[in-house]
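Across the two complexes that follow, chain A remains constant while its partner is chain B and subsequently chain C.
Here is the complex of A and B:
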């Protein structure tokens, strides 16, 4: 029984890793497609999101089933609760990748505006956050999880830089306002993906230590 | 023991309701403050968010503790998992309310642009979604939860209407681009709050029926 439980936990962790791989791919494809102004490539985020949604439901059901059957406690219970939360964050990252594809229509067609470099750098920073948060989860590595929390500022700085570049451009080129607005919303989508990776890192720390690092740790009664 | 468990579940549900009340207040205050262009009122969202964050940590800890001690199964287990998820959604709604306060700087100072009516209507629609999703949770009412899922389109329609009104305005009044952008981001914040209320309604349906209505219910293996 004990060994079977261990196997089930390993299986759940592998599924989370696989799902996280789809999320990484979705970020990579979306930012590459924006760089290349390639609408067909951007649309290929959709089948990836369907894989993410499928994994989401499978993992959720498996967690409920394991909780019901094994009644885990202490570290095992915390791990499964962390998986339920990480699963939700990865699913919402898939939503954000799809939102990027919906928000890009005008930008793809407007050659007056070029933010390829910023988008690629910001996308890269988000992918590194996703990868590190999942590595931290797999290895139960608190130090790495802490690094993810720190790198959220970097992603926010990319977003602010894009906003600051786009505002004067919008004033000078009112006919490009729609495409600039696309980029502002896309930068927000990427920023939100970074926030989800931060949530994952917080859940890893909770699973490893039982400590709640959110909101400065307040809230115990 | 059984009676104590029932009492603990009731206590958890009351805490979620109280937390949801803070979220409703935060939406109301934020939209009223925008209507009145009242920066001080808008800032009062922050102490509310701290209450939401406090509730978030307390509820999360209580759920872990009950799962460890009571090893619930079937409907009770699904209810606690739903509470863990609803708790996360309410906490993120608090974040969105605070984001509204951060995104309003230019709009508050720019009398050229007036979207008070649209903002108030959209805020009202979001508040109704939050209220109904929590009523559905308290009463375990699937029909009401289903209504919440349907009303998400209404909130999205408000956002689209605001976007469509703001684009030509930005072209005509380039000096008001920052304040128009504030409104676009605020409309997105409100839209995301509606999305979180939708997530809560889905969790209520799952808790009541064990059925997963997300992603068209695919994903079982």
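Here is the complex of A and C:
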């Protein structure tokens, strides 16, 4: 039986994917601008963030309406809960892309540091995580979601490497502290983005299976 | 004078060779074993095994005609009152098989109260006498005792404040929701360990429904409630356990939280998400 409700769920999923597309673009622009040392490119992150914020509100309202009117159960309920949480993660990722663009702008106007190459690799790894988490949501693919969870360690390792590499550098060359701090903040925001992509992957697994894999599955029955 | 068996809420099953099994910490108060119900050749309930734990609300859900109402009517031997109806299998109530040869269906019904879809107070009786009816049938006559039980049961049924000044008025003078609570008070009067409710709110408005739901949740401390409902939100709101029936079979039974968030059987999932039924 085709449910009237089905159309509303599909519409919500499409909206999340559209929002996810904006987030992917924002991350890509922010990290590529850094790689290419092209500060002019960074300006286009802001209109994307406005679209992300708009989608955030629209999706939240649609979820509230569905919960109030349809009282969904089981897989429907899990999907709505996952969408509400993914929506929040995507909105935060939009903010982080903006943070990166500010730090990148500042960094590009200042002195260059060799560690930027590591940051490029980290940005690429995060982009892959974001894309895979959204693909996993779109296809309801728990194998792909699992891959995202596994790649979070790689991103964390990049961040740690950046921090460890930049600290002695800052001590040796105090005149580079501001640039190094920009790179640290960018790495920090990228790492948080990886965490949000991880959250999305966890929510996909929950929506598909009902299993709560967060924090090593602590909440399991 | 007939004897009335007052059960304490913690009355346990007596020792016996065919004791109902216990699968968790809570005591099993009622258990259907390989239960089948028929209307002539029609097999309405198919080999159902279900345990009901003391102090819980157990909801039965499923599409129309799935056998859930027939099933609960086997639990107090009401099903066999229908011409051509018969039952096979066992139903254990506190350690006694109610279908054992020689069991008295009337005595059994006294131990398992029932509330129906439409409120059915005795039309010729006052509010007081509606509640006292079961006790009088059991031979109790002492006024002070009857008054005490009537007041207690009307309070348990959250009706006392609304009727305490008009106990002599006919039960049928009350609103539909009040009549249903009166029927619940009547069922409580004989202190049954289990009350069966067959869609008790389907004829009531939302406010009366909410009052009955509140009442059911409170009552479970004193009496185990088995409730048939078409309203899945109601089952989700008030029950501890939910059993899903389909075409006479018990498809899935488990904690309500799990059934409504993560059902194991695809048919349960399809039903509760509105894909059929």
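Some notes on this structure:
Please note the rule applied: the second predicted complex is superposed on the first by the 209 of 221 C-alpha atoms of A that agree within 3 Å, B and C clash if a C-alpha of one lies under 4 Å from a C-alpha of the other, contacts with A are read in each partner's own complex, and residues count from 1 in each chain.
By our rule, a contact is a pair of C-beta atoms (placed from the backbone, for glycine too) under 8 Å apart; a residue touches a chain by one contact, two chains touch by 3 or more.
Note that this is a predicted model, so its numbers are computed, not measured.
In the superposition on chain A, contact of A:174 is made with chain B only, not with chain C. Touch criterion met: A:184 reaches chain B, while chain C stays clear of it. Of the two partner chains, neither chain B nor chain C is touched by A:108. After overlaying the two complexes on the shared chain, residue contacts for A:3 are found with chain C alone; chain B is out of touch. After overlaying the two complexes on the shared chain, residue contacts for A:75 are found with chain C alone; chain B is out of touch. By the document's definition of touching, neither partner reaches A:149: not chain B, not chain C.
Put simply, more of the residues of chain A are touched by B, taking chain B and chain C as the two choices.
Within chain A, the residues touching chain B in one complex and chain C in the other are 71, 73-74, 77-78, 221. Within the complex, the chain A residues that touch chain C are 1, 3, 5, 71-78, 210, 221. Considering their complex, residues 50, 53-58, 60-61, 63-64, 67-68, 71, 73-74, 77-78, 81, 84-85, 88, 167, 170-171, 174-175, 177-178, 181, 184-185, 188, 212, 214-215, 217-221 of chain B touch chain A. Across the complex, chain A is touched by residues 232-233, 236, 258, 260-263, 268-269, 272-276 of chain C.
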